[in-house]
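Next come two complexes built around chain A: one with chain B, the other with chain C.
Let's turn to the complex of A and B:
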């Protein structure tokens, strides 16, 4: 998401699931929507059937989605940037790029082309394993079927160059002129129903809600929203330095306990709270388990005890049984930035309590109940109201609880193709008020950066976020604002303009809580965040233009020399993170197979919930590893045999072999939903009696490798190495 | 009179098993009994196709023809049902059925089978409509409520269609006609 936000302003899906129905071409890379997003498939298959849209699936694995593809491209894991930049190069070389769009709305194009020119079809073939002729053919399909949409998921992001992969995909869409139009866009499918909501609320270690960051100004903004004293807030921290310092991430927090890598914090971590989070979805799980056994306190708030509870060998665990989503209510935000109200179906059962009750009791005991709930009298409505009030950056301010409920209760009045209500109480509004929803009468923004509509009716230009001018490495200076003639209908300024500020002195559109600034902008037909160009060059990234770098654990030592990874990072989210010193070309001799992980449709996340459902457990009772027929035969492994899989980090798991052609001869695939086993041993006895899941198995993440993205520190679970042997 | 049918659109089925789980949860079907299954061919290879299959509620149903105790009957709307009070668990219907639809609970001794269970098209059974007995022995009666069967209602891609045969064949024909993928006639892709 960092790559996307740094290209054009917001790090979210630009169009919507439904809008895919208008696509003339669907390019999916690192996504297995047929298993991970089955409901979205109805829109994808609709476009494929009705628009005759080619469905191009790029994946190391012939997935269930690939079974529905018109064009399947098998790619070597970790080489997505090389492939996508190769497509960009092929499109530009043939003059198929959208010259008018690029001239008016894109920055850094010549500089990007200079870097992309390295990726000729032949170079791409060497890096990715995709034949040069295929690179040319796919580029031609993309060029001749516009508007097309680009879809990706964790197959694109979970790499040491994940943020380059996402930027390369954005650049592909800019070059094709597929942005800001129906049927185009970058449609990044989020994992669960409220992942976008959780991201918007920044359940992350480097930002306050709504992407405000953690600088002084950000804290002061939210303290004003919460109506608490900034000085009091400051007093709650160890020191001011830590108030503004990025925290540990989900991927590496356990290093804060075991300290195998040097940490930059005054103390090791002593306690951890898992609130609806599966620890077995984190890489190098055997190291995370070490941390669990060192901690003073582990709190698990979940409807099920989870793998985390079973993994703890020490008596340091507290289980707080929380109720499911059907036993509580509140707002949720979908992948398409749409907000919906989830109503309660039944009261909590089995002595569970809903999350609000648990939070309330914890806050009471911490002693700042009065401050925490200052603006919150009615739960959850007032929580939504408060977050709307403060989240001006992403325009949640118009999505008040009453409006959200009205949409949810009248969803039959919205059109499935356009998401717009035709008549009824929400006439003219878009379903779920897709953010930004700038005012209490704004209809929501169904497609980001669409300049064909007035801003007041859901249109927007690209966001002005990166200054107004930039000088590139070659000395070329470029105005970063949009060209003359690029504006939304009714705009006072007929070209680019910077963001709105000082309408209320000392504030800007993001910090003016009176919302006068936003209203003024809308009144003048303009976007509060300005009107700029999207960037092909991100000067704040280590690679200003996405370039290929071999995975840390690469099966191609020859390419490591040619495309080495980054230097080590001393303080990345409070921990020393190895890149260069971890890239050992000799590793492939002992660990010859590439390891990738992914989802299966029957289970979800860490699987605590789905493996405790008898019907889902019946459908998929066993953890398994997919292994190619040829490789299995060469190793003397038969379908159903138990095999050991070992990682360079001394992780090992014993799983069932599933002999299949889905993966190629060099690749092993593992689903990551299992838990309840640990390196060959059952942990079933560790579950509280009666809560053992119906299906248990080894967590795939025991064998996923070291490796993290250079910007976001997301774990590189789609590009490791492993060894396989018969058990 | 409507003739109830299932139709699974092979271009749309993604093998998500949503139909299977919806059927089991909604009708309280025991583990081990499958009123509906998703069958996949060519798994992991080009040409992979999936199909959701259950009792097809045949005209001239062979299960009815072979049942020695006349436990199986066909309603006027074509739905084939079993009367569990009459069934003796002989298994002839299982052998006669071309789709493998009839299911039997696993007994501990050879030949000891419970009564046959199969897809009811979510139309309950011979017990009084909406009665506790109907629910316990056969599951929901959604047809009597004016709803489509659970499996089709749950289908994420609308691959599985259920209802009046004329209507669903019309939906399917329209879908095929709208598909821009050509007639798929032999030789079509190479003709000029």
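Let's turn to the complex of A and C:
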């Protein structure tokens, strides 16, 4: 998401699931929506069948989605940037790019083209394994079918160059002029039901809610919202330095315990709290397990014990049964930025308690209850109000609880093609008030950066977020604001403009809690965040333009010298993170197969919920590894045989072989939902009696490799290496 | 009662429409009905004896005195609508939301089994801690007192950054917001969740 936000302002899906119905072409890379987002398929297939839209699926594996494709492209894992920049180069070389759109709304185009020119179809073929003729053919399809949508998931992001992959895909859409239009956009299908909402609320170690960051100004903003003294807040921290220092991430927190890589924090981690989070979704799980046994305290708050409970070997663990989300209520934000109210179905069952109750009890014991709940009396509505008040950056402020509930209670009044209510109590509003929803009467923004609508009616330009002028490496200076003539209908300024500030002295649109600034902008027909160009060049990234870099554990040692990874990062989210020193070209000799992971439709995440569902467990009871027919025959492995898979980090799992042509001869695929086994041993006896899931299996993440994205530290689980042998 | 209507009645007068099956892809509606039956009678084993043909009107009739609650599936981020049928505080049956603008009645097998999140026998039923390698049931009061005391001790001894919080993409916006706020008030940025990975 960092790559997307750094291109045009917000790191979120730009259009919606329903809007895909208007696409003339669908390009999906690293997404298996047929299994991961099955219900979205109806909109995708509508476009495919009704609009005759080509459905291009790019994936190392012939997935269930690929089975629905008009064009399937098999790609070597970890080479997405090379392929996408190759498409960009082919489009530009042939003059198929949208010149008018680029001239008016895009920055850094010539500089980007210079870098992209390296990726000729032949170079792309060498890196990605996709024939040069296919690169040309796919580029032509994209150019001749507009507007087209680009969709991706974790297959694009879980790489050491994940943030380059996402930027390359954004650039592809900019070059095609597919942004800000119905049927176009970058539609990033998010995983968990509320991962968009939880991201917006920034349950993240580098930001306070609504992407305010953790700088002094960010803390001061939220202290104003919380109505607590900034100095008191500062006193809560070890020092001011730590208040502004990014914390450990979910991907690497356990290094704070085991310290195999040097940590940059005054203390090791002594306790961990898992609140609605599985541990077997983290790579190199056998190392995480080591951490669990070194900790003083492990707290698991979840409706199910999760694999974490069974993985703990010591007496340091507590299980607190939270109720499921059907036994509480609150708002949830879908991938399409729509906010829905998840009404409570029943009271908490057994002796479980809802999350709000548990939070309240813990905060009471921590001794800051009065400050924490100062503005919150009615739960959860007052929490919604408080988060709305502070989340001005992403325009949650207009999505008040009563409006969200009204939408959910009247969902039948919204049109499937436009998501706009036709009559009824929500007339003219878009379903779920897709953010930004700037005011209490704003209808929501169904398509980001769409300049065909007035801002008050859901239109927006690209966000002015990166200054007003930039000088590139070649000395060229460029105005970063949108060109003359680019504006939303009714705008007072008929071209680019910077963000709004000093309407209320000393504040800007993000920090003016009175919201006068936002209202003033809307009144003048303008976007509070300005009107700028989208960036092809991100000067704050290590690669200003996305370029290919070989995975840390590359199956192509011959390419490592030409496309080396980054230098090591000494302090990435408080831990030394290896890049260059981890890129060992000789590794492929001992670990000759590429390892990728992914989803299956029957299970979800770490699988604690779905493997505890008897129907789903019956449908998919076994952990397995997909292995190519030819490879299996060469290794003497038959369908259903047990095999060992080993990682360079000494992780090993024993799983059933699924012999199939879905993967190629060099690739092994593992679904990542299993747990309850550990390196050949069952942990079933370690669960509290009666709570053992119906289906257990080896977590794929025991064998996923070392490797993290250079910006976000997302784990590189789609580009590791492994060894396979018959068990 | 409803359960009897759905499961125990003799086959004799059945006007056959569809067969019960465990495969939701084959007959989603029947699947939902099974889920409802198991909801009302947890512990019932769903062997082949349960399989019988169902009358069309049986499938349509609401449970007496029940109400429909609109809610949202808790699996992926498509945000499918669910209509939950609740009788006397018990979730007895779920129905697809055919009028939902995004899902339009669509469900995958996970969404079709949403009810099982509440009815699963595998749910954790009370707070527990491990003592000498064995799981021991404890009260909420004890659990919270002990956990919070130990967290505070660690904070006191090692500093606020000695605790790492893993929050969630599976909770509401309100709860996610409180999780981030809690880390702030605790005095650390060591908080993260699944969006990272």
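The rule is simple: the second predicted complex is superposed on the first by the 727 of 727 C-alpha atoms of A that agree within 3 Å, B and C clash if a C-alpha of one lies under 4 Å from a C-alpha of the other, contacts with A are read in each partner's own complex, and residues count from 1 in each chain.
Basically, a residue touches a chain if its C-beta (ideal position, glycine included) is under 8 Å from a C-beta of that chain, and two chains touch if they have at least 3 such contacts.
A quick note: this is a predicted structure, and the numbers were derived from the prediction, not measured.
With the C-alpha superposition on chain A as described, chain C and chain B clash in the combined arrangement.
When the shared chain is aligned, chain B and chain C each come close enough to touch A:601. Of the two partner chains placed by superposition, only chain C is touched by A:282; chain B is not.
Contacts of A:130 after superposition: neither chain B nor chain C is touched. Of the two partner chains placed by the overlay, neither chain B nor chain C lies in contact with A:724. Contacts of A:368 after superposition: chain C is touched, whereas chain B is not reached. With both structures placed on the common chain, the touch criterion links A:156 to neither chain B nor chain C. In the overlay built on the shared chain, the residue A:662 is in contact with chain B alone; chain C does not reach it. Of the two partner chains placed by superposition, A:171 touches none, neither chain B nor chain C.
Once the two complexes are overlaid on the shared chain, A:615 sits against chain B and chain C alike.
One of chain B and chain C touches more residues of chain A, and that partner is C.
In the superposed three-chain arrangement, chain C is struck by just one stretch of chain B from 63-71, 117-125 or 171-179, namely 117-125. Shared interface residues of chain A (contacting chain B in one complex, chain C in the other): 38-39, 42, 601-602, 614-616, 618-619.
By the touch criterion stated above, chain B contacts chain A in their complex at residues 11-12, 14-18, 20-21, 24-25, 31-32, 43-46, 48-50, 156-158, 175, 178-181.
For chain A in complex with chain B, the touching residues are 34-35, 38-39, 41-42, 45, 49-52, 62, 64-68, 72, 601-602, 614-616, 618-619, 660-662.
Chain contact summary for the complex, chain C toward chain A: residues 22-24, 31, 35, 46, 69-81, 84, 86, 89-91, 97, 99-104, 106-111, 113-114, 116-118, 120-133, 135, 140, 143-152, 154, 158-197.
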